[in-house]
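Each of the next two complexes has chain A plus one more chain, namely chain B in the first and chain C in the second.
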Partner chain A sequence: MILQHRSHNDIDIVQLSGRFAMADCAEINLSIQGMINQGHGKLIIDMEKVTFIDSSGCAVLVAAYKSLQLKAGRLVLVTSPAVQSLIELTRLHTIFEILPSQVAALEVLEASVGE
Partner chain B sequence: MVTNHQMPPVMLTLQIDSSIACVSPLGEAIQSLCLYATDSLECASQMQLAVVEAINNIVFHAYNNQAGNPITVKWNNQNRQLLIEITDFGDSMEEPPLPTLASFDAENGRGWWIINACVDEYHYKVVACEQQSTGQLPDKHQKNPKKANILTLIKKY
Partner chain C sequence: MDVIIFADRKGQELLPLTDQTCVPLLPLAGKLIIEHTLEDLADAGFRRAHIILSPFAEQVKQALGDGKRWGMALSYSTSRGEGSALVELRRLKQLPSKPYLIMRGDVVRSRSLKSFLQQAETVDAPVVPALFNGANAYLIVCRDALDPVLQYLDWTASSPTIPAPHPVDINGCVARLDSLAAFHQGNLDAAAGRIAGLLIPGRQASLGLTLGRNTTASPQNLTQGMALIGSNCHLHPSVALSGEVVIGDNVIVGSQATLESTVVLPHSYIGELVDLRNAIVRGNDLIRIDTLAILKISDAVLLDDLKNTGLLNRDVGMALNRLAGVLLLVLSLPLWLLALALALSQNRGTMYTSYYLRGNKKVMDDLGALQRTAFSAGEWQVAPPVLRYLPRILAVISGDLELVGSLPISLATAEKRIDQWEKLADQAPAGLLGPTQLNLPIEASDEEKLLSDCVYAANYGAKANALYLLRSLKALITRKAWVG
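Moving on to the complex of A and B:
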């Protein structure tokens, strides 16, 4: 699993690629929670290049969602077919905001800057 | 020429250590085997996911996240049915948890829901055994040396 992080207009963007499975989840969770603690409450997790995700990956997403809720922040996900499939299977699509691309996610969050 | 769907019955046995680092390579192997047998990416992906969830549970609950214990996976393809039998020698369950959906804000507890959704049937049993099948690990690592826990996952295609 590869994690890349960048910021754009106070929006944190995490790009994940490869397998989002239990072996890497503790480290990824730590990184994402650190970004949320230090960030401005707007986070994109781009998983377009994630080839596999299990329930521990879902747990990292739920933890990020809850942490941002506490900050009155906003989490936007970009999914691959594998990620979308598991999110729908676990009904988490009913709480997560999911957009089709990182560009679309940035547009939505940039439009809400200052809200 | 024999197409994948006409392949003869095949059984393969894989074994990994109870280390979480071993789960992903096994998952990839299961996905490849299932894809070869079924020509269905959806079916293969679902079987990989079910096996990964089951083995995550074994590593964390049966073996309390301790490496050095065996997990054996028997992969069987017969009569358009994939049958995967996962055996461990860790702490047993009385029975698998009900596959209920965790609340949306729960960070754990989705594994059995996922397994249940990905396969047509699953069965769990605890059987007596004289000695664990590998016989390669020292006795001190055998948490449950006289019992084997067997989870069977079945999916038709």
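Moving on to the complex of A and C:
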């Protein structure tokens, strides 16, 4: 699992690639929670290049969603087919905001500046 | 022309009917609500459609499949539900090519699509919404991709009125199905032909009486009015139907029962001498339309849910599970002695503790709803997990736990599960062994455990359980089982 982080106009963008499974989850969770604590409440988790995700990976996403809710922030996900399948299987699509690409996610979050 | 169907209503206004399914999958005059929209599209010559779903998306995909039944190719995406049509369109991986048709699939409208499209062609406007006799038909032809008029497709508590610009008003009617009373009326209207053009399944057995396949009912059952009865139903010859009655598939109605202006959902049993007027029946739920009272009938002699009455299978399964528990107890007896010895040597004060967890046995609460009960779960105060949780075998023998299932939780934890995705985990029985118990460390976060149980609940079955059982046996000889 590779995690890359960058910021764009106060929006944190986390790009994950490879397998998002239990073995790496503790480390990824720690990184994401750190970004949420230090960030401005807008986070994109781009998983377009994630080839596999398990329930522990989904738990990291839920934890990020809950932390951002406490900060009145906003989480936007970009998913690969593998990630989308598990999100739909676990009905998490009813809480997550999912957009088709990182560009679309940035547009949505930039448009919400000042809301 | 591309077609986008919004079927993402959350369905709160139709509870309790939507507690186990979503609005598009509720039955309306012998078919699923969304099937009426697909039939209208197929009839108008459309060969593909994209459906935006939200709650119970997997059920809709399973029910509709790839759309071959309607000669169509269906694709799907999901949303958080009841979002703005404009926003949801932007979220699609690919915008539909212009012009396109956009409509709701969780309302029912008379079959006037062809006529609307013909008239819309004559209107020179970027967006042409449809009105059926002045009411919003949740049907829009778009020539401009993202026009604000699309908001008329959004699901709101009250129907948005369409002020000009350029609507096409044609003859037809729309059933919004936005309350239990509207759902009841929509069913009666559809069955009585007041929503013109809908294809109602069944054959006319006598004047006003339409019967589905393999249904046993006689013309004298209908004393007055009309009745639409689904497939595989059985009505005792002494049953009296009057007014307008819609009965779904796989329903049994006992002798001398009387039904007037009533809608019965599939898999329901109505007992002898039961008298129903202006009601919706779903299993053992009785919804009175005049008073809007929702009653859970606990007496299975009056009303019952036929989906939950596979008594023989359920009892045999339960007995086998308990037997497996006894076998496991016998085989594990040496381990009990080991646990006792370890507990004695390590904790002279508290060797054994017990606490309450939610089991699989169910009782009826004060409101008549079935609730899982708590059981006392014991634990040896020793480090090796395989010894620590030995006493839970007793809960398998008592029937509180299955041998394989989701992680047992406390009643307090269960009450915190409010969202639909959180409740998914509750659909699987709690078990002694299972993926969460086997794969996750004890200190894993609650979210991780819940998600693991959600995945299990979405996939569990006899084959999956057998695999977990095998893995459990293998896990017995791992370090994790003995060290934790």
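One rule holds for everything that comes next: the second predicted complex is superposed on the first by the 115 of 115 C-alpha atoms of A that agree within 3 Å, B and C clash if a C-alpha of one lies under 4 Å from a C-alpha of the other, contacts with A are read in each partner's own complex, and residues count from 1 in each chain.
Everything that follows uses one rule, which is that a residue touches a chain if its C-beta (ideal position, glycine included) is under 8 Å from a C-beta of that chain, and two chains touch if they have at least 3 such contacts.
Everything numeric here is computed off the predicted structure, so don't read it as measured data.
Trainee: Answer with first, second, both or neither: which of chain B and chain C does A:A104 touch in the superposed model?
Mentor: Second partner only.
Trainee: Would you check which partner chain A:A21 touches, where first means chain B only, second means chain C only, and both and neither mean what they say?
Mentor: It touches chain B, and chain C stays clear.
Trainee: First (chain B), second (chain C), both or neither: which does A:I2 touch?
Mentor: neither
Trainee: Could you tell me if A:F52 is touching chain B, chain C, both of them or neither one (first, second, both, neither)?
Mentor: first
Trainee: If we overlay the two complexes on their shared chain A, which of chain B and chain C does A:L30 touch? Say first, second, both or neither.
Mentor: After superposing on A, A:L30 lies clear of both chain B and chain C.
Trainee: Once the shared chain is lined up, is A:A63 touching chain B (first), chain C (second), both, or neither of them?
Mentor: After superposing on A, A:A63 lies in contact with both chain B and chain C.
Trainee: Regarding the shared-chain residue A:E88, is it in contact with chain B (first), chain C (second), both, or neither?
Mentor: A:E88 sits against chain C, while chain B stays out of touch.
Trainee: By the touch definition above, which chain A residues appear in both interfaces, chain B in one complex and chain C in the other?
Mentor: The answer is residues 22, 54-56, 58-59, 62-63, 66, 86, 89-92, 94-95 of chain A.
Trainee: Under the stated contact criterion, what part of chain A meets chain C in this complex?
Mentor: Spelled out, the residues of chain A in touch with chain C are 22, 25, 54-56, 58-59, 62-63, 66, 86, 88-100, 104, 108.
Trainee: Of all residues in chain B, which touch chain A in the complex?
Mentor: Interface residues on chain B, with respect to chain A: 20-21, 23-24, 27, 45, 48-49, 52-53, 56, 101-102, 104-108, 110-111, 113-114, 117.
Trainee: Which positions of chain C touch chain A when the two form their complex?
Mentor: Residues 54-58, 78-81, 90-93, 419-421, 424, 439-440, 444-445, 447-448, 450-452, 454-455, 458-459 of chain C touch chain A in their complex.
Trainee: So in the complex, which bits of chain A are touching chain B?
Mentor: 19, 21-23, 52, 54-56, 58-59, 62-63, 65-66, 82, 85-86, 89-92, 94-95
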